[in-house]
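One structure is given here, and the rest of the page talks about it.
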C-alpha cells in the first residue's frame, strides 16, 4: 500500500467518531426532499470552513427542473422549524423555497474533473419510537414527525463531509478538480435532474456515487454492474362532477369509476420482451362523501423498466390509459411528472478500477460485479450526462449491518462501517487522477 | 250488440280452424327476421286473392333503413330453402335479399285511414323436439334449425289474414281506408322503422297493434298504457393487433382488454332519476388463439330506457365507453345500430275506445289499462309516426294460455284464443270509422 | 275554524321570532351526528323548563344499536368545545360519548299515544363564508369547521321546541300522550334505529315527522305518499400486504386492486325489475406510498332500493362482491353497517287526515299526495315500528324558500315559513286525539 | 472428418429429395394435435419397414395423461377423413380416439440409451391459398381446412424418418439403444407429458430434440442454453343463470361480468422479481343472445414463467382470480389444465458436445449458445425426466429460410436445409455412444 492510499485509509478510520456525530445529528433532524434546509446549511457551512468554493441556493438546482416540489405553505412551515432546530445562516436562507443542496468545488490544477455525489434527504416515514430501535434507545430518533432517514442518506451526507475533509488535506497532492455534490430529493427521483440541467456535470470526466447496503458475506464494498430500473413517477388527477347519488346520479361524472378503471388497466399493461417492467398505483384517493357521486380522484403512480425504452413504453401506455379512463366517464385528467430516472449501470472500466483500488490499494474485500435489484436511483441522470460526453460513471455499495429493511420504520445502520466507503471515494479520486 | 259487430264476432269464431292451419304451417316453416320469404309469399298471395292492393319487395321497407340485415350469403342460402319449402312466386322472388314483409290496402271511400300491424318473424331459437312440447308432439315443430316462432308472431300473421278476410267481406259497409301491415324483423327492433321511413304511416289516422300474452285472471283482451322500453341494439367491434403472447406481448394491441373494460363499465353506467334503464352485453367473442394477443372482439349490446330520452342517455354513454376502451389499448372500435325503438304507449282515448268496443260491442272481458314490463317493441316507431301528425295509436294484448315462457324453446299458444284478437281488430276498425 | 285550531294557528305565528332565534343559534353552533351535545342540552333544558318529563343520555338511544359512531377521541374533543360554546349541564354531561338526543313526554290521561319526531344533527360540510350567503352576511354562519346545518335540521329542532310550548299550553284540553322525539344522527341514517330499539315507539299509535322542502307553486305544506328509498350505509376495509413495488412486487397482496375491482363491480350490480335501486362508492382511500404495493383500502358505500327487498338485494350483492374482490387478491375484507333505513311511506289515512286538517282546520294550502325523490330518511324505522303493531305513520313537508341545494355549502331556509309546520304538527296531534 | 461422420453427412444430403417428398405430403394432409392418424400411420409403416421395433396406439401415450383432447365426435369425423386421405392400416386403427404418435426402437447391444424426439402435429390455422405462398403455388397447400403445418413439424417428421433410415444403415457400428419418439400434440403442450408418464424416458441417458428456426447470419445449426418458458394452458368455464335482460335482469347470474372481471385481473397479476412471466387470455366467448343475461363464458388462458416456480405462481394466482370472479357474480367456475410444460434448457455439456460435433465432425457452422425467446416447448418434460435420473438433454435449432412468421398463414421452410439437422442428430447419437 503506497503512501497516499495508506494516509487516506488512516484518516478515514480516524474520522469515524466525527461521522457518527454528524450522522446522528442529521438523523435526529431528518428532513425529506426539498425540505433539507438545516441539513444543507450544516453541509455548506462545513464545506466553507474547510476551504471549498461552495454553491448553494439556485446555483445548485435549475429552478424549473425541480420535480415534485411540496406546497409552498409546507416549505414555509418547515423553514421556520429548521431555524428553530439550528439551521445556520446565511445558508438556510438560500435553501428555502425548495432550493436545498450544496456543491463544494476544489480545483487542484491540471487533471480530470471528478464529481462525487452524496444524497442527503430523508423519507416520509414515521420513525419507530420503541426502545428496540437503536436510534430511539440512544436518543437520536427523528424529532420531525413523518420524516425519517430510513434509507441511510444521513450516513451518505456524513461520509461526504469526511471525504471533503480528507481530500482537502491532500490538496497539494491532487491533480485536477473535485466536485462534491450534496444532492437533495433523491427519494422520488426528483433532485438529480435539476443539478444535471444546471450544467454541473458538463465538464465532469468521472462521476462516482455510493449507497449503503446490507452486508452480504463479509464484503466491505459492493460492485454493481447495474440493474437499477429506469422509472417515472406520475401524479394523476381526475376531475368529474358531483351529484346526489340517490336523487340524480346521472347528473354526475364519476371520477372514481375513471380511476378504478385506470387502476385495473395500469396493472394490466402488457409485459414486454424488452426486459423487466414494473407499474404501481401506490396511492388512490377519491370522492368527497358517501352519498355524492365522486367528482375527483388522485393517484400516485410509478412505472419502471430495465431500460429507458422499456420505461418509456410503460409511461406512454399509462398516459393513454388514464386519458381514456377519464374520457370514458366524461371526466378530465391531468398528469404531472414528479420524478424520473434513467436506468443506472456502472461503466465496466470503473467497476474494474474500483475492484482494483479496493483490494490492491486499500485492502478492502469487494464483491465481484453483480446486477440489480428492481429499485431505481436518480444518480443515473448524472452518469448518463457524464457518459454523453465520453466520461464514465460508477456506483458502489458500502456494506453495513442494517436494522430493519430500507424504507421501514426501524431502519438503522452501523457507523463503524462508514470509513470503508469514505476511503473508497478518496482512493478512487486519486486513482482517477493517476496518483500512484 | 248491433248487426255489424255481431257479424264480426261470428266470422272470427268461424275462422278459427283456418287460423289454426295457417299458424301451424308458419310455425313449421319458421323464418327469422329478413328471412321471411316463404311467410311473405303466402301472405301476399292470400291478400291478392282476397282482392287487396298488395305492396311487396322494396315497396314495403325503405332499403337503406333496414337494420341488422343478415349476410347476403345467408340470405341466398335461405332463399333456396324457402323455394324448396313451398314459397310462392312471384312473391318469393320479390322478398329475397331482405325485402320481406307485405302491405295490403283496402280503400272504401271517404273516411279515416286505419293501419293494423301484424309482425311475422321467428326467433333464433332451436325448438324443443321432445314430445312434451305440443308442436313437436303434433308434428308442426320448426323444420328450420335455429329458427322458431317462440314469440307467437306465427299467430299474429294468422290473425292478420283472418282480419283481412273479414274486413274484405264487410267492404261495402266500411268508410275509409284500411292498411294491413305485415311487418318483418320485429325481433331485434329492425323492421318497423324502414316501413315508417318509406312513408306508409304518413296518412294514417289510427294505428293498431297486438301481441298475444299469457292470460291473467280470465281476461280475454289486455290493455296496456305503455311501459315498453325505448331501446337501441348496438353491434360493437374492436380491432387491435395480434402478437405472440409469449415472445412479444408488447407488440400487440389487446382488443379483449378493451372489450372487458367496456363490459364492466357498460354495466356500471349510472342509474338515472329519469326512470327505468337497462343495459346488457349479451354476446362477447374475442381472440383468435390461446397464445395470441387478441386482435379483435365483438359484442352485441342493448340499452333501454323508460323514455326515449333515458334510452338516448344510455346509448350516448355506451358509445363513449366503447370508444374510450378501444383508445385505452390502442385499438379502434366500430359501432353499428342494428335495431331500435322508442318507448311505446297507447293513447288514452284509444285505450278507452278498445275497452268500450270489447265490453259493449263484443262481450269480451278486457283488463283495465295497466303499465309495462321491461320489454321493447318496434311498433312504437309506427305509433310515434302517426302521433306526430295528430293521429292515435293503440296496442292491445290477446290473452292466451302459453306453453313455456316467451323466447324459450318450449313456447306455444292456444289457437282457440285467436278469434278474440281478430274480432277486436275488426271491431276497432269499424268503430274508428264511426260505424255503429 | 274551531277554537283550539285557531289558538294553535295564532300561537304558532306568535312564536316565529323565538324559532328564528333558536334556529340561528343552532345554525351557528352546528353539531353533526353523535356530536349534538350543546344542541341536546339546550333542547333538554327547554323541555324540562316547560314541564315535560325528559329522557336523555342512554335513556334515548340503545347504546349497542348506535351506528357510525365517531372515534372516541373526536367525541372527547368536541365535548370540550361544546362546553366552551355554552352547552348546559347536567344535560351536556349526559350527552357525551355519543349519547345525544332527547325525548320529552307529556301525559294527558286516556287517549292515543302520538310521537312527533324532530331530527337535530348537522352535516359534514364547510359552510360558505361569503356575504352572498345570508347566514354569513347576518352573522350566524357555523363556527364549527366542517359542521353545517345544510339540510335544515336546525329549523326542525326550533319547530320542535315551538310545538312543545304550544302543546304544553293546551295540556288541559289534550286526551292522550305526546312524545316529542329529538333524534340525533339522522344524516347517515344512524340515530332512528337505536331509538326504536330502545322501545320508545312500542306504545305509539301515531308517529309524525316533517322535513322542510323547497316550495313548489304556492303550497305551504307538502304530502308525500312515499318514495324515500330504503338504504344501507356500509364501511368496507380491505387488508392486504405491503411490499416494495420495484423489488418484490409478488410479495404483496394488493388491496387497491381488490378495491378497484369492487368499485367497478359494485357499480355494475344489475338493475332490477323490482323498482329503483342505487349504489355509490362515495369515498375510496387506498395505499400508503407511491412505491409500495397497497396493503389497505377503505371505502364508504351506500346502496338504496325502492323497497326494503330491493335494498336487501343490493346489500347482499355488494357484500358478495367485496368479499370476492378481497379473496381474488389474497386480501381480507371487513364490512361494517354504519347506517340504515327501510323505505318510507306515509299511511294513506294519515295523508288524508293531514290534507283535511291543513285545509279545513288551519286554512293552509297543501299539495295533493305525490311520490318520492331518491333520497332516504331513517324516520322510516319509526314508521315501520309503529305500523308493526297496527299504528300509522305520516311524514309531511314544510315548504320554504331555500338558498342553495340541500347538502350544499350555501343551503339556507326562510324562518317565516316555520309556523306552518308547527301548526300542522299541533293540529294533527289534536285531530288524532279526536279533539274537534 | 472421420469415416462414420462423413458417411452420415453424405447420406443426409442424399436423402434430401425423399425428405422433401415426405414433408410436402404431410404438409398437404396436415393434422393437428391428437388428430395425426394418417401422419402416424405413415411414420409407423415406414419405421416398421426399416426394421424398427415400433410402438403405437396406447403404448405411446399414457391414456389418462393426454391433455386437451378434442371432442370424440371430431376425432371420429377426422378418422373417417384420414382413411379417405390414405391412412395406412393397421396403424390408423390403432391411432384413432386420440392415440396418435409412434416410437421406433433400435437396440444395438451395450451402450447408452439415446432418445430423439420429433413432433408431428399441425396447428389450427387456415393456410393461405394465394399463389405468393409457395405451398399453394406448388400444389401442397393443406387440404384440411383449419389445419396447417405453420410451425414446421412436417419437416421435423420428415427429418425423423431420414434419421431412422441412416441410423438403421449404421446399425452394425452402433453401441447402445436408440429411441425415435414421434410425438403428437406438441402445440398446446399436450403430448410430451403422457409419453413421459408412460415411462419411455425412464431408461434414457440422452434426450435430443430439434426445432427449425429462421436463420440468423449464415449459421446452419443453433444452440440454445434455454429460455423457453414454463407454461400451463388452462380452459376455464363460467356458469351462471340466464334471464331476460329487459324484464328481470336481477334474476340472472351474469357469467360475462365474471369473465370480464377475470380478464382484467388476470392481466393485472403482479410482475415478479423471480424472472419473466406471461399471461394471456387468448379466447373469450360469452353469452347466448343480445337480450339475455349471459349464463356462460369460456376462456382459453395461458400462463408462463421463466422458471417452473414463476409459472406456478402465475397459475395459482390465476386460479384464485377466476374462482373469486365467479363467486362475485353468483356463478360457478371450472378450470381444466389442457397443456403444460416446465421451462426448457439444454445441459451445458450437451451444448458443448453439439458445438464440437457440428464444427469438428460435420463441418457445420453452429451459433454460440444463447438464451431464449419467450416461447414454450413441451420437450422440456422429456429433458426434466431424463435429468431427474442423471441423464442429459439437448435442444438444437436447424436454421432455414422461413416464409411468413411461425404460426402465421404463410409459414414455409426450405427443404434444402433439412439435411443439416438430420446429420446433427445422427452424429450426436454416435458421439454419445462414444464412436469416433
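Structural remarks
By letter and in written order, the chains are A, B, C and D; residue numbering begins at 1 in each of them.
Note that in this section contacts are C-beta pairs under 8 Å (C-beta built on N, C-alpha and C of every residue); 3 or more make two chains touch, one makes a residue touch a chain.
Keep in mind that what you see is a predicted model, and the values were worked out from it rather than measured.
Ranked by how far their CA centres sit from the centre of chain C, the chains are topped by D.
In the CA-based superposition of chain A onto chain C, the rotation angle is 180 degrees, rounded to steps of 5. Chain C has its Cα centroid 52 Å from the Cα centroid of chain A.
Distance between chain A and chain B, defined via averaged C-alpha coordinates, is recorded as 69 Å.
Note: centroid distance chain B to chain C, computed from Cα atoms, is 49 Å.
Of all residues in chain A, those that touch two or more other chains are 247-249, 254, 257, 261, 264-265, 267-268, 270-271, 273, 278, 293, 374. Taken together, the chain D residues at the contact with chain A in this complex read 264-265, 267-268, 270-271, 273, 276-279, 374.
Interface of chain A with chain B (complex): residues 247-250, 252, 254, 257, 261, 264-265, 268, 270-274, 293, 313, 320-321, 323-325, 327-330. The residues of chain C lying in touch with chain A in their complex are 124, 188, 229, 231, 233, 244-249, 254, 256-257, 259-261, 263-264, 267, 278, 280-294, 297, 300-302, 304, 373-376, 407.
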